[in-house]
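The next block holds one structure in the form of structure tokens; read it before the comments.
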Amino acid sequence: MRISVQDTPFDLGTETTNFAAGHRDMGAIVTFTGVVRDLPDDPLEAMEIEHYPGMTEAALTDIAEQAMTRWSLGDALVIHRHGRLVPSEMIMMVATASRHRKDAFEAAEFLMDYLKSRAPFWKREITAKSADWVAARAEDEDALKRW
Amino acid sequence: MRISVQDTPFDLGTETTNFAAGHRDMGAIVTFTGVVRDLPDDPLEAMEIEHYPGMTEAALTDIAEQAMTRWSLGDALVIHRHGRLVPSEMIMMVATASRHRKDAFEAAEFLMDYLKSRAPFWKREITAKSADWVAARAEDEDALKRW
Amino acid sequence: MDVLYFAWVRERIGIPREAIETSAATVADLITELRAREDRYEAAFSDLTALRVAVDQKLTDFDAPLKGVREVAFFPPMTGG
Amino acid sequence: MDVLYFAWVRERIGIPREAIETSAATVADLITELRAREDRYEAAFSDLTALRVAVDQKLTDFDAPLKGVREVAFFPPMTGG
């Protein structure tokens, strides 16, 4: 299990390949990657991500440990960036390894649902005219109910 | 949308990075990768994958088109190998890109469920003593019912 | 009409494909013809619940008509992924 | 006790953290004290439904006791991922 909270970019290919390579006895690998959208009609200059050093790592570790307990996982990986990101940069990724695809998929969805609403990150969208904090969505909170 | 049926290895990192790079307006990327298990207690020498050239590509294209229709996807990728693979080699991968993580996850699970039971691939496990065709699992057929 | 066999169906019949002249109206009729031919066909087609069929590269069922069809394939349930 | 503020809570109060001497028994009592201080606190804490609290880096609720606590943090609902 690895948790990384970092301001530097990560390489999705390298991370995923290394994660898969470390789990040769696991037949199923699922990854999720979040990307800063680059919308032609919506001129986002940057996304700033604030976090709560110390609590962030603890919360992500707790979420990943819960996933390892609830599903038959060989491993889990969570990487989340903070600081200033520009459109098309990768914000975060999770990866899960299991013998069964159902466990790998469900655990990755669980990680994402909890990470969205329970890990102390706050996003702000910077445009030419404004710098607005992203509002939490009711559907993200609702997503937790299924677990 | 890209479908590739190939006997050569693919690089998960390169494929995933290229896939994500092609969809800058999509915030959510999900990948699934299937790996030949490398079990210390189960001395698999190789996995041979037979397929039905022509029908394989048509079936995978049909499955991917269904996914593109049923979910809000920016793109879908399916790579599946055939021929002789050794433990720890990657058998196949799917990737989905969407604006929403729910669509990306569900579409990837749908692709996997259909690919498992509706694309004409047959696996055979080669050990020192035997060369047995892998039996289809009832739970894989059942998995289709939820879609 | 080309008839193709895959995986253990191919192994039991001993060849991957053959050209067959038939006036069978459906896949089921074709199977009845093949089973009557030789033991190796009987061995391959003895349990239809373990078999799947594609007609012109589309998965279908044993009632499928064969009129105008160019290619029929028999194989076990798929195990990809 | 250290009190931390994040995102727009930090912006409204104007500082990211401060040391506070308090005998408040619970988080809710602490909030009552802070709101009485200055308008900027009143502005930050006016709508508790829009706020979340962590005590010693664990998410909790406004009833949480403060005895022995070293760090309290106030922030809006999280928006990671």
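Each chain carries a letter (A, B, C and D) given by its place in the written order, and its residues are counted from 1.
The criterion applied here is as follows: contacts are C-beta pairs under 8 Å (C-beta built on N, C-alpha and C of every residue); 3 or more make two chains touch, one makes a residue touch a chain.
Just so it is clear, the structure is predicted and the values come from calculations on it, not from any experiment.
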Tell me, which chains sit next to both chain B and chain D? A
Among all chains, whose Cα centre is located farthest from the one for chain B? D
Could you work out how far the Cα centre of chain C sits from that of chain D, in whole Å? 72
Distance between the CA centroids of chain A and chain B (whole Å) is 23
Roughly how many whole angstrom separate the Cα centroids of chain A and chain D? 26
Of all the residues in chain A, which ones touch at least 2 other chains? 34, 101, 112
Which chain C residues touch at least two other chains? 81
Chains grouped in pairs wherever the two touch, ordered by label: A-B, A-D, B-C
Chain B-touching residues of chain A, taken from the complex the two chains share: 11-14, 16-17, 20-21, 23-40, 87-88, 90, 99, 101-102, 104-105, 108-109, 112, 143
Hey, which residues of chain D end up touching chain A in the complex? 4, 6-8, 54, 57-59, 73, 75-81
In their complex, what parts of chain B are in touch with chain C? 34, 49-52, 54-55, 58-59, 80, 91-92, 112, 115-124, 133-136, 141
